[in-house]
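Scrolling down, you'll hit the structures one after another.
Shared between the two complexes below is chain A, which has chain B as its partner in the first and chain C in the second.
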Partner chain A sequence: MWNIRYFLLVGLCVPTLAAIESFFEELSLRNLNDGKVASRFSFTTRLEGVSPRDPRTLGFDDEAQHYRVFPLALGQILREYGVSELHLTLNAGRWDYDRWGYPEEKGVGTGAELWAWMGDGAPMSIDNRWKGLRNALAGLFCASLGSMDELRTTAPSQAFPPEGRLPSVDLPHQLRHASLPSEHVCTENLTPFLKLLPCKSLSGIASLLNPHRLFDADWHGMGVHVLWGEEEGVEVRLAFQSVMDPLRYSLSMSRDWSFQSLFSRVINKTCPVAVSSRVTVALPQQDAIEIKPNPSIEGEAAFFDVATVAKPLNVGMHWQHNFQYPLGEPIPLTPLSVQRTLKGSSQDRGQLSLVIINHETTTVYARYLETMPWLVQFHLHTLQAQVKGITSGNIISNFTYVPAVPHSRPTTFEAMLSLPPRSTIHLTMDVTKAFLRYTEHQPDAQRGWDLPPAVITPVEPLNSRMYTAGLLVDLATPDFSMPYNVIIFTCSLMAFIFGSIFNLLTRKFVVVRLD
Partner chain B sequence: MPSLNVAFPALVVARLFVALSSLPDVLKHNHQLSSPLTSFSQLQEGIYLFNHDIDIYSGGTFRHSPLLLATFATIIPTSHTLSSILWTLCDAAGAWALVKIWRARQNVASTPRDSLIAASYLLNPYIFMSTLALSTSSLENTLTLFSIMFACHGNISAALLAFAFLIQLSLSSIVILTPLLLLLITNPLSHLASPRPILVSLRKTIPLLGEITAYTLILSLVSTLVAGSWAWIPQTWGATLTLPDLTPNPGMWWYFFTEMFDHFRPFFLMVFSIHLLIYIAPVCIKFQHDSLYATFILLGVLGTFKAYPTSSDPGLFLSMISLFPETYPYFRHPIVTTLLHLHASLLLPLFHHLWLVQGTGNANFFYASTLVFACANGAALIDCIWAGLRIAIGKQHENSAVVQE
Partner chain C sequence: MDVNVEREGVLWRKVFSKIKAKFSATPNAHQNRIRRQKAVVALLTHHLPFIKLALFLLGYLWMLSIPSTSLSTNTYIDENALQPAQVNTYWNWGDVHTADKYLEQLETLKLANATSFDRAQVLRKEFSKLGLSASTQEYSFSLSSGVTRGANAYAVISSPRGSGTEAMVVSASWVSLTGEGDGMLNLRGISTVLALAGFLKRYSLWAKDIVFVISDGYLDGMHAWLSAYHGSTQQNLVTEELKISSGVIWAALNIDYPGHSFSHLGIFFEGINGRLPNQDLLNSFERISRYTGGVPVTVYDHLHPQEDTMNKQGKTWIPSTIRNHQNVVSYAYHARNIVRHLNYQARGCASGVHGLFHQFRIDAITIFAVPSTGPHGFHAIGRVVESTLRTMNNLLERLHASFFFFILTGPERFIKIGGYLPSAILISVAMMFQGLGTWVDAAWVPDDSEESSQTKEKASNTPLKWRKRRRPVIPALLIMAATHIFGGSLFFILTRSWFMKNYQLLSPIIFIFFAIIPLLTLTISKPTSENAPLPTVLKALNLCFASTVISITAVLNFSLAVFFSVLLGVPLAITSSSSAAPTRALRYIAHILLGLGWLLIGQEEMKAAILNWEVLSVWFAPVICLLYVPLVLQASIVCILPSCS
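So, the complex of A and B:
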């Protein structure tokens, strides 16, 4: 009897214990050259020993999943559409690479960006799964990701390599990428984000995520990243980055900050399920500072283990000297500075201009990606690269081009740029602006259309990515109040000409006497 | 009147002189002079992509025939100067063909009006400006005139081959196929004043129809070989039927389908396409005694109603009026027509600029001027049909009037 009971108990327990789940949280803070403070929250959940769902099994019922820490709502979506890798970012503002350097989380393009790697071989096509995925995520994060339709979906070949591993090599994987620069990030996106965390925002580092302060930051953005690694298993990383300005709140040009001043909150409790929970503060090199409470210092960073330090934890940094704005041009922190503009005042054509400055003393190789909705059509034969006003033929090489399809597919243009040392490179290309049907215009048609940022991927350092600022294109609009009038006018004129001609052709000519 | 030997080279040189000035750069992107189907910069873009092994018919906005693409990608380089010269020479060839048509109609070796006919083509601003903008509609006009010229000379194969090339470049030109076949089995002489039923058996057109079908099939096959697939058909011919590009032009389609409700779009696309074909039978029946005149009238219909017209399409019709001086006394309202054309040709560029560049006008301004342009073309068409029929009654006597029953 005992044996049977014992056997049943073990049988019930084994599948639930199959996956080892672990949760790590980290907050890193660093001071920027212009007096601002960049913070990055990162919450990682691992499902060890689990691999993404094989897309070939998508036609069958999924095996039951039991999660304790791993976010169930996200896990269900990932399994429903057989997603191997997923990156969703929602950002507000423009990341200033020159002043702030590379961000810790690479996805800083303005608005929403979603890209996913999916294995082929499912009964459903990749495009259908992509459609389902973006609609499911739109529902989960309360964002208009559903508008990332075929008008905005591309499959660039090089700019977005998988950041983890892709399972089962025999299965070809495909990328889908879309960005929606007009998407605005706000509290309603943060609430579902917090719900995916095991301790919500009740304890641990996540308790600092105060929407009132985060959405007041100069730059802020959140990201959801799902990766897979053979040893790590499925990993979900939820990240929140912000750039805050202590000088804005300071009356005396003081750069001092603390959790209380940045987030209006302190850490009161530890998140009990977190395997590790720590706060990292990068130490400025030249200035004299003081950090409270006493941290453990390794190299150029100060660490706090939230589980062991005394609570409430209110990390703060005090500067001996007041901040003085650096005179003159700041030294750019990235090897490249990129600026993209759309020139021309006419509503039917313009010129796309990309100015890249290479600050290095060596030639820098970088990939250049444009994913443009069909609204703006490229004239590739006018693409020119100029250095110091002289057209240079060997800057652009190796380009791939997928032309847009009017009313549906966007353009994808990828090229390799070799940027000569210490020089400014001007890339220009003529573009035509499309004329849309009146039903295709947005409700606020006169505002113009937001165009996605271009992506520059320097070959060195590996895995860096730079987003340019988005663009706004002003398209010609028809008169929205006139569809009936136009139909009536044109049809009347055609009927008039048609009638006159047939009148002449069908009736007989006769001579009549007038008296 | 200077003889053609003097006047023609002088006109061509004058045209070349203007073509090599900086004027073409200003006009290159003008929507009235070149449509997305005929624009030179689209052609250049297509050649560039073609040379870089990109499948241009898989998408994109390249809507030129693969034959043009093959010609310009391999044989003729597209430098701007060279193209300007080529386009002007093309117009010169068109003018020469028009003179040949005139001579064939008069059935004489040369007439004093020859230079006037050439000038009416080379100095027609609608054609002239469009050529300066390097619109491929100039090439289409030349092909049209060549196939009519060969038809007038009874040169069957040449006429049909030229016409097969024309269909490759612009599908809507198929409207003039019937009168062209009738012209091939009759003669180009003027019979407007003495209408009589067609005497030749219409069965004679059947082998001609077979020949043109064969040419079209061969050229389509060549196009497919150049393009690498059949994808060129929806991109080029399909565009005139489905109107994917709503760039403004002086025609009547673009704003209508910009403002059209989505669920009625296919219906009205069908109506507009079939509307072009409706004129063929009545015009050919009514002018069966003079097929050249029927061809001319249908070119007028095309210039008014085709899907992506440029100013050179009505321009061809207007220049061809010079072939029929016998109808001039019978025009119905020539002054009104002239004034309408003057009005439209001033309004079109002005309102286009106000809408798209200046931003002080809206789309309705330009739409209104295209309506005026359509009125002008329609009025010219009515003038010519009236005159072509009225001429048979002869001079009007006192105390009598000519009316329609």
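So, the complex of A and C:
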């Protein structure tokens, strides 16, 4: 009786207790140097005046949460595991920093990447909560995040600082990071992503998210970012980035694009719950262009307020001149160019090679992070940094190294690099490729293993992050297509060797006289 | 009923006890077993000459029957993911026009005598115009015959939405493989690659990066590019590093189109050191060419006699009924293909630029447009390459399902390893038997020292008395070791630059020097009647060693094993010492000519082998110097040494 009355009371109080929820959406488009168009959708939901769940209360029932705009499915997961900050990205393709510059959303590593900051002090260990979190997200986003197990989980100390604030200073927070480069991203991941939006893909900017065109792009990636700030409260940002190539279908090398040509859709309706909903188009500096419909221009960008502008909205850009690919070496848009390869074609050893070019006229400091599954083991003593073929001792400093444990823990290697101006730096390190137990091989054993990208974090500009390309490593692989032959050969050999030795050991030698 | 059952039971018990008695460990049974063993051994030794002869004959006959259709089977696609010739191709006449325009440009480059570097720059610019990341790579080889320089141009299509960890290569070398790179240019092959680069970029379906390489020279350019790509270093090679990288290369197609038009597309597939690509690649290409391109496929540039209108005559001295018989025609055609295959594989030579890829575990073939007056051109080859790339694009894993060991007798026929391997193994077994027989025989000598004078007639009908004697193993082994050291020093001399510069003059001198040195063994060996004669022991060990070499080589490089079993099999088996000095000298000279004759008549071949060793690390030259020559020298020493009696 008391309980029911108590619940009723709480129920009545809810409208007054409910946090202020606000939803902002934005689409920004920019033209890239190689004629492609980068677009970035960003959907931000704020739950003001709310802080992440205190991990110390994880043992008890949670307070009831009532959301109108905030995605419930995600909110429940965040509270269940007491997550303070969370970043999940699912990307397809390799981001070309040299041609495309820094992306607007930093997380562009190939495949899936998940990292979360969690407060300690809960009855459940951090690792157990991490496990629950990734399994819950795997279910929510239809991705194989469950396989980001302890073989791939690391806790790098510097590369992934919290992007928001971490609540309550008295609680130590811990980071868990894992990446799964072999994850393929496709429409089954986009559908649950759209379901988290208040207007789904029915109206507003999200109505441009047409899977048929997005998954035909040259690069695409989606991200879920959960942050907390003292004033903003809990913020969920759902982001979708893509790089599309209008030249691919153009016979006359025309760079013209419009919503209709990029997404095969236009914006017909405004999302009614959106506080702000706007489209930003970065204006190219040199070229003569025409943009339709008439935008409001601020600085180097054109803006459209979706709520006020006439519908259907089909933003388009028209160039006066046809495009020509630049003939010389492209001018890199980032201070650093990074190329990472695994040299050597043998199946037992190789050499990890990282070539960093510093285009700046000043020394650039950057953090270098490798999180390598135990399949590839580093020989740290062979780590060498060379500039113009001369080994230089003062490039690598300040490194932390957590060696791999075979069959379980991955390697974490972090170092500070000081990259001399206008130079090419070669970092090399010998590696051993592991020999797997036969049950540890993947179903497609002859493919090799995808290795996660390395992360370079330049100290300036602040909070920038560069992902290198992933790698594929060939380990010694038995011929799984003919296991029966292998078994027969091995058993025959064993029987022959064992049989003859056993025979000699147990035989009694006697002299037999023949007449 | 009961009685019957009982009787049956008794019968069973009897049978059991008999079997038990046979296997039970009574002393009698042991004696029986040893007797049985002795009888078997006696039977074998008694018939050993026949067994050896039968094994030799069977082995050589098997080798001869490899081209017959009864040993080969039809090719098939083993990897289901490939789905060859199942896609619509979009390469069309507009792209053919593009290729024609590139060809014009290349022709002007050729006429202007542009340097390697200029050419590479022009090609890089053309790639850049298409919006690909493109770059050039300069390299230089310092060889004993001089310095070779060149520049490659390459470009990468990053696969849309792909992680860039897997790649396919489409390549063309500046020089065509016609005449093993004798200078015919591959301009149409390069134009095809350039036009394909622009064409393939328009599609978003590539799951793997596509790397286009236009390599300088014949093999040297691609070798430099692949070495830089895989970070393998070589002392005499200086290359620029590659500025653009891509992922692990799984498959490569090299396009060779030297003529104006072509009638057939030929497959070249042998890699250096006898490596072969996965057969699925060849078979997919064959099907695609036949069904998608409508172009018939041949092995190498060998046309089937029925299609070869130009060369219908053949050997006129054979009666036309035999010459034109269906089986004879197909045997001759298959034999021609196999001999060419053996020639490439035994020498460890790559039959084209594709052969350099295999050492890095990349499956690669060369598509060779067999020069002809028609009817095919850019349109057909573009479609075939497009469709083959689509097939390779389907791969989720490396090619691993089909065969890596095979002999392609025709474009649609092949022999599995089990069909050809036994031939060389049989020869090797025959040689081993011969060696073991000689070894056993060497230990025994007819004991006629005491009673020979007394009973000469008796000896003829009573069995001879045999006496055991010692076999001098150490001297024989020392001679063998010395011959191998000779082989090593021969190889050392051949790879010096002063030798290569005057090889025509120095080869005969080296020949005479190396032909005389084995005669030194005459001075050290002192035949005694106490021990077995040294030549016999040396022959036994020589044969056993040669047999081992052949059987091991057979699984690594079958063609080399065939080469060895033909050149070593009978010549080593028939060596023997003789009391007559002229016979010995003649046999010695014959063996020396067999072992070192190439210094006199195969000088160009030798030069090519040394060059292949220096540039591409082809093992043929060291194998000849360190294995083949010593083995034949040992046989020649067997011939020249006087027998004891």
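Everything below uses one rule, namely that the second predicted complex is superposed on the first by the 461 of 515 C-alpha atoms of A that agree within 3 Å, B and C clash if a C-alpha of one lies under 4 Å from a C-alpha of the other, contacts with A are read in each partner's own complex, and residues count from 1 in each chain.
Just so we're on the same page, a contact is a pair of C-beta atoms (placed from the backbone, for glycine too) under 8 Å apart; a residue touches a chain by one contact, two chains touch by 3 or more.
Predicted model, so just to flag it, every value in this text is computed and none were measured.
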item: First (chain B), second (chain C), both or neither touched by A:His318; value: neither
item: Touched partner set for A:His220, first chain B, second chain C, both or neither; value: second
item: Which superposed partner A:His441 touches (first chain B, second chain C, both, neither); value: neither
item: Partner chain(s) touched by A:Ser345 [first = chain B, second = chain C, both, neither]; value: both
item: Touched partner set for A:Gly470, first chain B, second chain C, both or neither; value: second
item: Which of chain B and chain C A:Asp479 touches, first, second, both or neither; value: both
item: First (chain B), second (chain C), both or neither touched by A:Arg79; value: neither
item: Which superposed partner A:Asp34 touches (first chain B, second chain C, both, neither); value: second
item: Chain B versus chain C as contact partner of A:His359, first or second or both or neither; value: neither
item: Intersection of chain A interface sets (partners chain B, chain C); value: 345, 479, 510, 512, 514
item: Residues of chain A defined as touching chain C within the complex; value: 34-35, 92-94, 96, 110-111, 181, 215-220, 245, 247-249, 324-328, 330, 339, 341, 343-345, 351, 353, 355, 444-448, 450, 469-472, 474, 479, 481, 510, 512, 514
item: Touch list for chain A against partner chain B, complex; value: 345-349, 377, 379-381, 399, 401-407, 409, 430, 432, 434-439, 476-479, 482-483, 486-487, 489-490, 493-494, 496-498, 500-515
item: Residues of chain C touching chain A in the complex; value: 27, 30-31, 34-35, 38, 125, 128-131, 133, 158, 160-166, 201-202, 204, 230-232, 241, 245, 247-248, 359-361, 396-398, 400-401
item: Contacting residues of chain B [partner chain A, same complex]; value: 29, 31, 41, 44-45, 47-49, 52, 54, 56, 58-62, 244-248, 252, 254-262, 275, 278-279, 282-283, 286, 304-305, 355-357, 359, 362-364, 367, 371, 374-375, 378, 381-382, 385-386, 389-390, 392-393, 397, 399-405
